[in-house]
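Both complexes shown next keep chain A, but they swap its partner, so chain B is in the first and chain C is in the second.
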Partner chain A sequence: MAPPAADFPPPQFFARPPLSNPPLDPTPPPPPPQQLYSRPPSSMLSTPPPPIPSKAPPFASPPPFAAPHQFQGLQGPPPSHPPPPPPQAPYFGGSPAYQQQQQQPLPPPSQGYFAGIAPPLPGVAAPPGHDIADEFESLSISSAPGTAADVKVEALPRPPPDSCDTFAQPAWSNCHPRYFELTTNAIPASHSLAARWHLPLGAVIHPLAEAPPEEQVPVVDFGTSGIVRCRRCRTYINPYDKFTDGGKYFRCAICNLLNDVPMDYVCALDEQGKRRDAMDRPELSQGSVDFVAPMEYMVRPPMPPVYFFLIDVSVAAVRSGILQIAADTIKSCLDKLPGYPRTQIGFLTFDSTLHFYSLKSSLTQPQMVVLAQVDDPFLPMPDDLLVNLSESRLVVEALLDSLPSIFANNENVESALGPALEATTSIMSEIGGKLLIFQSTLPSLGVGRLKLRGQEAHVYQTDREPALRVAEDSFYKQMAAKCSKLQIGVNVYAFSEKYTDVASLGTLAKYTGGQVCYYPGFHAAVDGEKLTYDLSRDLTRETAWEAVMRIRCGKGIKYSVFHGHFMLRSSDLLALPAVDCDKAFSVQFALEDTLLTSQLAYFQVALLYTSSSGERRIRVHTAAVPIVQELSVMYKEANIGAVVGVLSRLAVEKSLNDKLENARQYVHVKMVNALREYKNMYAVKHSLIGRIIFPESLKLLPLYVLALSKSLPLRGGFMDATPDERSAAGYQMMTMSRPSLLKLLYPALIRLDEYLLQGSRGGGVDSPPQLPLTAEVLDPRGAFVTSDGQRFVLWLGNVLQPEFVAAILGPQVAHSSDLRKVPVVEQDNDLSKRFHALLAKLRKQNRWCHQQCVVVRQGESGRELQLVHSNMVEDRGAGFPSYMEWMVQIHRQVQQKI
Partner chain B sequence: MAWDLALWILSFLAVAAALGIIVYQLLCLSDLEFDFINPFDSSSRINRFVLPEFAIQGVLSAIYLIFGYWLMFLLNAPLLYYNIRLYMSKRHLVDVTEIFNQLEPEKKIRFYKLGFYLSLLCIVIYRLVVSSMEVILESGIASMAEI
Partner chain C sequence: MVKLTVIARITDGLPLAEGMDTGLEEKELDFYKQQAKSLFKRLSHGQNQPSRMSVETGPYFFHYLIEGRVCYLTLCDRSYPKKLAFQYLEELQREFERLNHSQIETVARPYAFVKFDIFIQKTRKLYLDTRTQRNLSRLNDELYEVQQIMTRNIQEVLGVGDKLDRKLSFFSSSSSNSSSSIVSSLGFLTLFSSFAEVSQLSTRLTAESRIFSDKARDLNRQALIRKWAPVVIVLSVVLIFLFMRRSIWG
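Presenting the complex of A and B:
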C-alpha cells in the first residue's frame, strides 16, 4: 500500500513549515544531521531525492515542525496555497531552504502527510464523520427527482462577497496569480492522471494586469550586456534557476541545461548555494519582472503610440449623438494619451464616401478631402493624414470641434466600412498602432458589405446556426490578418439598435488583440456616460504596442491551445499588435509522452512589447507548481476562478463552430465527468448514497457552469438574445480577466432600501449583504441593485414607497411610467448621496468598464425579464433548471455509470 | 488508338501536376509548423494553388466522363464531390487567422489527396504503357503488313 519513499515526492510543497525557516533567521539553527548527506544542488533537482529514510530513520529525531504539520494537513482548513513567502525572501528558487528541506526526513507516506487526503493519523481520534467533512464538501441530495426536501436552498454553495477580486497569495517566488493562474496548482505526473482530471489543464494569463501601486512590477535593466537567458530554450533568468560552481554556471529551470553566467553577472554564492545578491536583484527573487530589451529585440525602432479613429458619420451616428460624444471624449483625452510627445493621431470618417483630413501642423484649420469613389480608394496627401499630436495639436482640436457640426445635417444612410478600412490600413501601414472603429450601421457599400442574417428562428438548431457567430465575409478575416501583420490593433465600437453583424466586425478585434464594445440602441442621454468612460479608458490606459507573447513550459509539458484575442504568428507565438491591462488570455497544456519525474513544473510567460514611452521591454512572469502523483491533490489544489476562465473561453469557442446546445453540453459533460471521478475516489471508503460530493476548491463549479449556460453568449436559443448581443458578449468573455468574469457570471444582488435607510439611521453598514440570485428575494416593498461588472440594474418593487424613489432618482421619476431613459444622477439628499457612494465604491472595484445604472420597475414587461430575470441564475430560465434542480440533476448524472 | 494515348499522356501530366501541387502545399504546411515561414506567406502560397488543383481534378474527371472511361470517372467522383462541396461552402481556402488550429486537419486531407493522386498516377502510367504498347504494336503490325 505504502509507496516507496523514492517514488513519492517530498511533501513540503503542501505542508510547508511555518515561515521561521532557517535561512530567514538571523542565526540559523545548526543544520540537521541529514546535512551530512547533502549533495551538489544541481543534482538534487534533476534526480529525485535519495531515499533518505533508509539512511536516517525518520522517527529517530523528527524536526520539531514535522508533526504539527502532519496534523494541520489533515484537520486545518484546506489550504489552497502554502503560506506566502515573506516579501523579499525567495523560498525555493534555488534557495538553500529548498534543498535543505528535501533532506528533512520524510515521514512515512502512509500517514497521510500528503495534502491531507489519505486516511487520518492513527492515534488521532477524529469524531465520526469529521474526517469526511475535512476531505470534501458534501451536500445531501435525495436522489429521487422532485423530492429534494432535505436540502435547503440556502445551504447550496455560493460565492462569498468580494471573492471575485481576491486572489490567493503567490506561492514561493511565483508571480502573482493575477498574472498567471493555473486551473490546478498541481500538475499531474502522467497521462493517465491527466485524463482523470477531466477539467481543462490550463491557465488564465493576464500579462499586464493592473497591480496596486505597492506591487508594481520592477524594471530590470541589464544594460548593453544583454539579458541573461538559457542558451537552448531561451528562458529568461528567473528565481528558479539554480546557480552552481561558485556562481559560474546556472541550471535552467525549464530545460535543465547548464549555462555559463556572463562575466559581469557572476556573483558569489553563500553557504547555502544561493547568490549573495539575490535579494537585490528582482529577477532572482520575484516572479514578475520587466526587462529592458536591448537592440537585438527590435526589428525596427520602437514605434510611437498611434491612435487612428475611423468614424461612421452616417445618419444613425449623427442622430444618436455618437459623433458628438466621441469627438468630445477624444478631445478631452488628448492630454492624457500616453507617449507624449511622440504620440500620433489621425482621423477618417465615412458614409457612402470617405472623408480624409489633412492635419498638417502648418495649417490652422484641417483640410477635408472627400473621396466619392470607394471601389479602389487611394490616399490624397498621404503624409498628412497621420500626424504627430503635439505638433498638430491645434488642428486636431479644431477638427474635433467642427466634426459634429460638419455632419450635423448628414442624411446619408450608407456605410462604406470596407473601403474605409482599406484606406486606413494603408495610412497606418508604416507604423501600425491602434485603430478605433465607430460603427453605427450595417456596412452596406464596397468590399466587406454585409447583409442581414440571423433573423429566422428556424436557422437555430441546425448546422447553419454556428455560421451566425463567425464572420460572414472572408474580407474581415483577411483584413484582420493584414492588420495583425501591420501591427494594427483594432477596437470596435458598435452602436446600432438594428443588426450590425457584430460577429463579422468583431473578427477585426479578435485577431488583433482588440476588444468589442457594443451599445445596442445607443442613446446619448443614457449611454453617453458609459461611452465616455469606456472610450477614455481605452485611450488612456497603459498599452503595450507591437507585442508578442510566448509561453515556455518545463520538460514534459507543452502548450496545446490558446484562447483569446490574438493571432498565432508561429505555433507558440501570439502576435498582439496592441495589448493592454484589460486583456486576458487562456492556454491549455498537454503532457508530452515522457513521464514527469521532477518535482516542480515551471511556466514562464514572456511578453515582448514596446511601452508607450518608446522603450522595448519584456514582461516575464514565472511560476512553479508541484507535480503530483495523486488525483485527490489535483482536485484539492484546483482553482475555481481559472477553471471557469478556461471553461468559458472553451464554451464560447465551441459555440463558433457548433450549436449553442452542444457548446453548453460540452462544459456540462466536463463538469459531470470531473465530479464523477471525484466521487469514485471516495465511493469505496464512505457511504455516499444520496450525497453529492465535491472538493472544497470546486464547490462553486456547478453554480458557475449553470451561470455560464445562462450567460448571454450561450443562453437558450433564438428568442433569448439577438445575434449581435451574443457575439459582443462572446468577444468580451474571451478577453475577460478572472475577477470580471466571475462577477459577470454571478452578479452581486444587494437590497438597496434597507442598506440606505439603515445607514441614514446611523447604523453604519459597510458593505451590504449579498443575496442569492433568485427572484424570490425580490420583495415588492424593496429596491434591489444587481451589479454584474457591466452595469447596475436598479429594480424597484411595486409597492416601494414613492418617497424613496423620489429621494434617490428625483421627484419626477417617482411616478413616471417609462424608466427607459431615466438618467441616474445624484440628488441633493442623504439617501441619494449614500446610493451614489455605494455605486462609486462598486465601480472602483471594476475599473475596466463603466457600470451604467439602469432603472427597471417590477412588472415592466420585457425589460424586467431582460435586465433582471436573465441575471437570476438560480432561477429556472433559458431552458435551464433552477440551482436546486440543477444540483439534483448533476447528482443523478454523477451517479450514473458509464 | 492514338487519341487514347494522347488522353493518357494528358492525364499523366495532369495527375503529376496535381501531385506536385499537393506536395508543395504539404511542404508549406510543414514549414509553417516548424516555424520556417510565417502564416501570411504560407497561406498565400497554399491558396494560390488551391483552385488550380481543383480545376485539374475537375477537368480530368470531365474528360473521363466525356470519353466514357467510367471506371476512372468513378474513381475521381468522390474527390470531385468533396472539392465541389468545399468550394460551394467557401471553405476551400486556408484561413490565415486560424491556420495553426487547422494545421492537422489540413495536413491530413492533403495526405489523403497525396495517396489518391499517387494511386491515380500508377493507374494512369499503367494505362499509358498499355495504350502506347498498343499503338506501337499496331503500327508494328501495320508496317509488317506493308512488307
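Presenting the complex of A and C:
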C-alpha cells in the first residue's frame, strides 16, 4: 500500500509552508474542463493502476482539500525543473492531487478549494464506464436475487498480501499512522457533512506501538525550565505551532492562543516564518516525541517496575501443567525483566487457602505462610512479600524451583480468587505495578465467587443475553476500580476447559489497561509453547507504568467516546496503571456546533508515563488533517484499517449491553448507510443499474464487516461459541492494534504442499500466494495453513500423500487418530525445515502473540468446523451468507430508498 | 520511626532520590511532602543555613543534613531518637556521595538517582526499630553529639507572617506573566495562601490575647478591690472611731 520511498521523499520537514505562493511553473497547458476527475488513489492495490488512455491529458484537478497556499511547495521541485510525470504513489492517505498541484496553475477562485471532483460538462462527457473506473470501484451485480452467477467470485475485492502490516506514509510532520490513525484523513467542516459520513469519525490510537529501530521516537529534554506548552489548552509544543514576531510568540495550533516563548527557547525565524533551529529540535519537526517530564508531572518518585504473580494452584492448574510452565517461564525471564536493579517481585498462590511467601533477601529458602481464613484476609507479615528482585534473586529462584513440587499432590478443587485479590491489593497498595493472575477454575470461595451461567440456550435472543458478557458480581468492577486507583494493572490468564466466567475475570483487565489471555483446555505439551511465549512477552515488553493519556483536538472538534481498556479518571483523562506496546485504543470525535473555518484540524495525543528505567516521560503524537467541504473527499481519504478498528470496538461494546444480533446489525446499518450515501452522490450522473459502487478506499469494507460479523465475539448465537471464548476474544479485540485486527478478521490462507514442494525443487518462492478464504479452495489432495495472527491451523486433506504428513508431523504421530494433542515440532527433513522457516517468518510479522500451530485433518468432526470453517469468512456460516451473497444483499439494501 | 526520606540538591531544590514506601496516610504524606518541598525552597534561597537542623512539624520532626550542596531530609516520629536519625542521614550521605558524587551538580532530571531508593529502603529498615542491639549501641555512642543541633518550628523556618505575604504577592504577579508554570504556582498559591491565612489568624490572635490580658489584669484589680474593700472600710471606721474617741475623750 505504501509507495516505494524512492518515488516519494517523505515531506517530513515542511511543517509550516510559506505563506506566500512560491512561483509556479508557467508552462503547463490549461486543463480541459472535462478532465477534472481525479483518479482514485491506487493505495489499496498492489498491482499498478490501469494505464491511462492515451487521449487523457494530464490530470488537472485542483487540490482536493485545503487552501492551495497552505501546501504550496510542500515538496515541490524547484520551478525551473520540468514537471515530473505524475507520480502514482499516494500521498497523505492516497491523494495524487498533491503532486499535481505543483505543476498546475491555481484554479480560478470561483471553483472553490475543494473541487476535487467536478461534474462533467454536458456534451463532452467521457464514456460512463471509463468514468466509473476512474472515480470509484464498481462491481457489476445483477439486481435480481439468486442470479449472481455472472459475477466472478474472484473479482470481489480482497486484501492484498501484507496489506495489514503496511501503513501509509505520514504526511507533513504528522506522527506515523501506526501511533494515530484517523478513520478518514479529511475532517468534515460542518455537522451536516459529518452526519452524511455514516461511518464513525474517529481514530485508532496506539501510543507505544513498536517502531523499527531507525524510527525510534526521539527524546527531548527541556531541563528544569519546563516543557513549552500552550498556557490555555496545555497543548505541548509541536511542529504545527506557528512562531510570530521574530520568534517571540507562538500561536497554539489547537486553540489558536498567542503564547509567549520562554526566554531561553526563543530563536530567530527564517524568511518563511520557520524557526531556524526547527530541524535540530525534534519537537518542532517531528510528529512523535518523548518529553522528559520535570518535577510538576510527578506526585511521587517514578515507581520501579513491579510484577506480582497471583497463581491458582488448585488441582486443575497442577494437573494441566500450568504451574510448572508458569514457574519455569517466570524463572527464565528474571534476567530480562525491565528496570534492573529496582524491579520488585512477589508471589501469592491460592486454592481454598492463601499462601504467602516471604522472600527476605537474608533467607536461603522462601518462607511460606498459609492463611486458612479467607473471609477477611489480612497480611501475615508486614513486609518481604514484595521484594527487590536483585536482592532476593536467590530466594525467588528457590521459590520458583520448588513451587511445582510443593503443590504436586494438591487435591484441592476450590479457588478463593476474591480473597486472594484483596490480599494482593493490600500488598501492592504502596507502589502499584503489574498483577498477573493465573486462573484455572471458576472462583468458588469467599467474596467474588462466581457461578455457572450461560449454559442455557434459551437465554440467547432474550434481554438477559448481554448480561452473560459483563461481570456478574459487582466485586470485580469495584476491585478493578481499586486497582486502577492503586496503579495496579491486571493481566488475566485463564485456562479452564470448563466455564471460568472470563467475562467477570476480564473486568479486572478492562479497567486497568490489562489484557485477557485465554487458553481453553490447556494442555502442556501443545499449548505450553504459546503460554511461554505470551508470558515472557508480557514480562519483558516495553511497559509504561502509572500512565495517563489525554487527547486534545483542534477548535470545533471534541472527543466523544473512548474504547479500549482503561478507566476514565476525569472526562477526558484515561488512567492506565500499566500500558504496553501491544495496547491500542480508539476514540470517536464529534463536531461542535460551530462551523470549522480553518483549513487544518489538529490532534494531539499525550501519554504521561514512567518508563521501566524509572524516568517520567510524556509521549506526544501530533497530527494535522485537512478540513474539507466535500463528502466525496472524505470517502476518498477514508482509511479502511482505522474504520474497521473503530467499528469492531463499537460492535464489541454494543454486544455488552445488547443482543449479538443487534450488535451485528448496528455495524451493518452503518455500512449500508455509508454505501448508500456514496451511491447517491453518483447515481444521478451515471447509470448504475446492477452495479454496486464504493470508494476505492473502502472497497474492503463489506468484506471486513462480514468477517467481523463472523468473528468470535459476535458470531452466531448459543451454539457457535462458548461464552468464555466470546468474552476473551471480545476483550482481545478491544486492545488490538490495526494490523493484528485486520489479520484476525481476514486470515491468510496458504497452500502448503505446493509451496514446500516447489521450494525443495529449487524454485525460489519467497512468499506463497494467498488464497481466498473459502472452503472451495481446500483441495483434499493438499495441505493448507491459515494464519490469523493468533494461531496457525494446519489443515490436511484426506487424500494428501502420507509421506508429506509424515515428513511434517513426524512418522509416529502421522497416523494417530487424535490430532488434538499433537505438537508440531521441527523434524529432521527438508520439508519440515522449510515449513518451520515459513512459520517463523510469519510469526516474525506478528510479535505480540505467539502463533501456535494446530493440526486438523479433513473430516474431523467438530474440530474442523471450529478451527477451519469458522475462519472461512467467504463461506456461508453462522447465519451469515457467503461473500457473494453478502454483496448482493448489500447491493439490494443500498438500492432501497428510505 | 522513619516515615519519609528525600534527598535533594540545595542549589535548586531538585529532588534527587526518595524512599519509596512510607508509613503515612496518603493525605498526610502529601502534606508533609509539600512541606519538605517548601523547606528545600527556603534552603536554596537562604544563606548561611546551619548544616544540621531538626524542624518540628505536627507530631513529627524533620531532620536534615546538608553536605556537599545536597540536603538529606527525613521525617520521623517525635519519639524517635535524634541521634539515630542523624546517623541514618549520615549513612545515606556517605553512600550517596560515594556513588553519585560526580553527577550531582550536572543532572537536570528530577529523581535522576531514583535507583538509590533501594539503599534508602535497606538502610531505613535497619533503623526502624530503636531497640535492636545495633541501634542501642549507636545510641550509647558517646562520641556522637547531637545536643547542639538546633530545633525550630516549621512555621518559624518557613517564615510565616510578613515574608509569606510578600511571597504570595510575588507569586501571584509572577504567575500572571509566566505561562509555563501555572499549575505549579497554583499549587504554591494554595499552599502559601493557607500559610498566609494562618499568619493572619495568629496576628489577630496575638492582638486579641493582648486585649484579653489587659482586661484580665483590670478585672483582677477590681476583684481585689471588691474583696478587700469592706474590711478596709470597717477597719478605717474603727480606727477613726478609736482616734476620735481618744482625741475627744482624751
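The rule is short, and it goes like this: the second predicted complex is superposed on the first by the 774 of 898 C-alpha atoms of A that agree within 3 Å, B and C clash if a C-alpha of one lies under 4 Å from a C-alpha of the other, contacts with A are read in each partner's own complex, and residues count from 1 in each chain.
FYI, contacts are C-beta pairs under 8 Å (C-beta built on N, C-alpha and C of every residue); 3 or more make two chains touch, one makes a residue touch a chain.
All values derive from a computational prediction rather than experimental measurement.
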Taking the superposition on A as described, I'd like to know which of chain B and chain C A:478 touches: first, second, both or neither. first
The chain contacting more residues of chain A, comparing chain B with chain C, is C
After superposition on the shared chain, which partner residues are touched by A:571: those of chain B (first), chain C (second), both, or neither? first
Who does A:296 touch here: chain B (first), chain C (second), both, or neither? second
Using the touch definition from the top, say if A:229 reaches chain B (first), chain C (second), both or neither. second
State whether A:614 touches chain B only (first), chain C only (second), both chains, or neither. second
Just checking: does A:430 make contact with chain B only, chain C only, both, or neither of them? Give me first, second, both or neither. second
Using the touch definition from the top, say if A:840 reaches chain B (first), chain C (second), both or neither. neither
Both chain B and chain C contact which residues of chain A? none
Contact set on chain B toward chain A in their complex: 32-33, 35, 38-40, 90, 93, 95-97, 99-101, 103
The chain C residues in contact with chain A across the complex are 12, 14-15, 17-18, 20-22, 30, 108-111, 114-115, 117-118, 121-122, 177, 179-184
Footprint of chain C on chain A - complex, ascending: 221, 223-229, 231, 259-260, 262, 292, 294-296, 298-304, 341-342, 388, 390-391, 430-431, 614-616
For the complex, which residues does chain A have touching chain B? 474, 477-478, 480-481, 484-485, 507, 510-511, 561, 567-571
